[in-house]
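First chain A sits with chain B, and in the next complex the same chain sits with chain C.
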Partner chain A sequence: MALNQSVLSVNELTVSFRQYTRGLRQIELTVITGLSAEIQPGKILAVIGSSGSGKSLLAHAILGILPSNARVTGTMAYDGEELTAERQVKLRGREIAFIPQSVNYLDPLMKVGAQVRASIKDNKKEVQRDIFARYHLDSQVENLYPFQLSGGMARRVLVSGAMVSDARLIIADEPTPGLHPEIVEEALTHLRQLADEGRAVMLITHDVGAVLNVADYIAVFYAGTTVETAPVKDFAGKGEALRHPYSKALWKALPQNDFIPVSGFQPSPGDLPLGCLFSPRCPMASRECFESRPLERELRGGKVRCYHAT
Partner chain B sequence: MQLKQLILFILGKMVKMFILLAALCLLSFWMVSNSPVDPVQAYVGADMMLVGPEQLERISAYWGVDKPPIEQFGRWASALLQGDLGTSMIFRRPVASIIKERFFASLILMGLAWTLSGLVGFALGIVAGMKQNTWVDKAIKSYCLILASTPTFWLGLILLIIFAVWLNWFPLGLAVPAGVLTENVRLIDRIHHLILPALTLSVLGVANIALHTRQKLVEVLSSEYVLLARARGASETEILWRHGIRNIALPAITLQFASLSELFGGSVLAETVFSYPGLGRATVQAGLRSDVPLLLGCVIFSAVFVFSGNLIADTVYRVVDPRIRHKDGAV
Partner chain C sequence: MPLEAKGISFRYGNCPWILKDFSLTVNRGEVVGISGHSGCGKSTLARILSGYEEPQLGTVTLDGKPLPRHGYNPVQLILQHPEKAVNPRWRMDKTINEGWVPDQEMLDAFGINDNWLKRWPNELSAGELQRFCVVRALSSQTSVLIADEMTTMLDALIQAQIWHVVTEIAKKRNLALIVISHEKHLIKRLCQRVIEM
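Let's turn to the complex of A and B:
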């Protein structure tokens, strides 16, 4: 995981929202805390984490489409060069393709074919038709409005919209829920193909099981940070090869494993613990865990953010 | 599109309108018959001293105002059903011809003001929305808020004082130069007379439509589909053309049609200030002098006008919005 060959690397990213509470008191909600991640060409990095762990916000931060009350610190680099706001504007849609999380990302008053063509160079109709055919969307679908599509069709339209570009980095925010297993397979295989052609893919999902066959690395998110990044082969057996107590617990919680849910709740952005973000729920927590936050370190070919991981 | 549904919808509205009209006529009639102004006295006017009591009786018998109100209303209504709006007491001409002439004058005035306020308001709203929270936005917003709270007649007077009295750029009132025969009036004269009243009348609408458009555009710009467009490399101008206009045009058009009632209300004041011979002014004159046939004619006509505006506002949505147009759902 040498830094110089990454397409994208994110270093100590922190995102907070300025908000006004009653009585006009200004508070800062920290939704991403000291997050680091990187993706190499030809690889798929799966990002997993429970709802509210900051997965979508990371995607939005990379693209530079956070709302205006967001404050971002830390650095991001694309192709080894700093990813500034101006570069984000230049790169998105050209070098970086994005598949959004929900079907609300379609304009309700615009035919879906036209929406997909908007992201194709020269607006070419054939390109859009080919990609629709690939995702089993009938030729007449291009003339429909979003409300006339089923949820699954709308999602396939969203996926098509990103697959038409020849971007070098693809960020897919939960592209598959609600889709027919066959289509999920198709979409994931397509992502794998794109990666094999040399692109880098960031695949955000709730579902570890679904990505085990396609991902190269998995980053585990918790309360707005990456607690562990590990090669996909470590997600096996009883999770012995995993490094962080949360990843282990998450792995064991899967139905195909022990199916024991992790007890307790993820802290809310306005109320983060002083020490390790996982400390209130961690069975291995010691005094230092409550006092300061562990930094990310390399361990056995992966990365972990825990004092006691071995 | 389901034409049948649309027709049923319009028919339903029509029925409602006729019921409303009947109620409106009754109410107006009841109000004028209780008005302290004696129609005969108003009719005779300054000559009152010269007219004897028998003559007064003959006059009131001629106009039917000596009969009980119910009978008067019945007579008026049955004539109306045969297409006869009656004869105006103050103009001594058929109500239908007065309304036709006056309505045409009002229509030009209102049409001009309406188009002007629609275009200017929409443009201001877009600029403010695109530049949200900058000084441009704040300036437009304050301008609109000030405009929105300015009474039409007061604004009309101010414009009149500045542009007609001090600067002498525009005439003081009326629709055509005084003392010129109708066939000799040039188009340019008519336009010259229209500008100040139209400007006055458009101001209220500008504020409404601009604030509304700004609000809608801000909503659209913070929507998820605009976020996606941005993420896929669309520029802010492309976003405005592709998603902005598409999503704000319909609400703006609807609002503009729905505002015809306010426009009509405003025209009464503007016409009064500028002595512009439109329907609004005729209504005021008829009311002040208890000219029942003319008043009822005006009432009917204005109600139909306002109602048509609302009907168009409701129908435009049904015809243009694809979500309502193809209600049958997925194909």
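Let's turn to the complex of A and C:
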């Protein structure tokens, strides 16, 4: 395996759902459009985007746990080999660990200690106890059922489960909301340590500020696709180093920066513009932007989907 | 014409006290931030100030009178998760007209699309739903708006958009605005004074 080979690469992924409108009439709703991303071992890729914009579905598509009315096109490769449905079943929970967004993903009928031990090789109790201690979970918590935990505790159990596995790829879907700042810090530092050991991490979140200190790359998700992937150092100053007009706008809108909004709102799936997904709100938009969608291209050590980015 | 909480103490059942002898006055036209780590009682305070919980001790008054038990509540609360604040079995037009009938200008200010009105809540994103919740709370009878982690789940751009419109309306109508957030930068940006809990 080459040194820089991606653990995971996603190419032109499109996810759509078949929905019934009235009676037996069906529509197809596209929620992810032509998305590409890749992660190398030892790196953290943060995917940032608004909640409800479909970024969780990216994680679900990689793991192969989308509902049955979803249709997926495009290719995904794990370790350079195509990630087929059979491989997804074989890899998930072993080579690919997942920290889900909702605490409903815990098994309600199984004690949480046992749930975490299920992802440890040889089912070792010490490893599970260590990780619980690290996340400030008392020793008696392992014998509790999920309904006996608070939201924050349940979330720490979910995080523990993914951290103890020796998965080579960890996908964390909004692992931190609702946790104390110290625990958020702990979880993010822990993810960084795991990456430094050579694993690959995909960190999905809506909070740019939170990932600036841990991520290597940031992919900016808008209306179902990644408009830009940039090294984290580009998220600085007034955002001059950023490539896509949306990423620049997002950066400037942070309360610690300029807090300036741009007009308009993200299009909903089902009413996406014909051309570039950001064209209706873009100050730089020209005719070609309204007519066709720009393909992703390499630019200054990052990737961008814009005709005008320089 | 202030919102005044005097000597509030509160606990759920026999659990430890969450708030003890807490007092707060917010005047019209003021923007006050409340911050503190999770579990310290920020949301409970918001629920008490807007009349959803009765404190065991102490009083909450608006212009010297207790909050009305019937009819429109002039103290409006906006929550973190809009999908849990709307009736899932109502279409959006029913939800948005629940307390008052907003005019077109209001809908435009928050970018609410006409064709969203016929949709069900699960057909809208969190950012879209939250804008409905904000409009719903902004009738002309509202005098205090409490935003409990209102934009925590939204991206920075929608956050900036919503806050720009809300603060503008608050200024124009001389509303009292209480901003509950763990986001220090946001509080610093919006508020004239901050209460650490």
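The rule is short, and it goes like this: the second predicted complex is superposed on the first by the 301 of 310 C-alpha atoms of A that agree within 3 Å, B and C clash if a C-alpha of one lies under 4 Å from a C-alpha of the other, contacts with A are read in each partner's own complex, and residues count from 1 in each chain.
Here is the rule we go by: a residue touches a chain if its C-beta (ideal position, glycine included) is under 8 Å from a C-beta of that chain, and two chains touch if they have at least 3 such contacts.
All values derive from a computational prediction rather than experimental measurement.
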item	value
Overlay on chain A: chain C relative to chain B, clash or fit	fit
Touching partner for A:Tyr145 - first (chain B), second (chain C), both, neither	first
Partner chain(s) touched by A:Tyr78 [first = chain B, second = chain C, both, neither]	neither
First (chain B), second (chain C), both or neither touched by A:Pro255	second
Chain B versus chain C as contact partner of A:Ser268, first or second or both or neither	second
First (chain B), second (chain C), both or neither touched by A:Tyr135	neither
Which of chain B and chain C A:Ser102 touches, first, second, both or neither	first
Touched partner set for A:Phe278, first chain B, second chain C, both or neither	neither
Per-pair minimum CA distance [chain C against chain B, superposed on A] in Å	10
Residues of chain A defined as touching chain B within the complex	60, 63, 65, 67, 92-94, 97-98, 100, 102, 104-110, 118-119, 140, 144-145, 147-150, 161-162, 165
Footprint of chain C on chain A - complex, ascending	48-53, 152, 177-181, 206, 208-209, 249-251, 253-256, 259-262, 264-266, 268
Of chain B, residues touching chain A in the complex	222-225, 227-234, 238, 242-243, 246-247, 250, 321-323, 326, 329-331
Touching residues on chain C, where the partner in the complex is chain A	37-39, 111, 124-128, 152-161, 163-164, 182-183, 185-186, 188-190
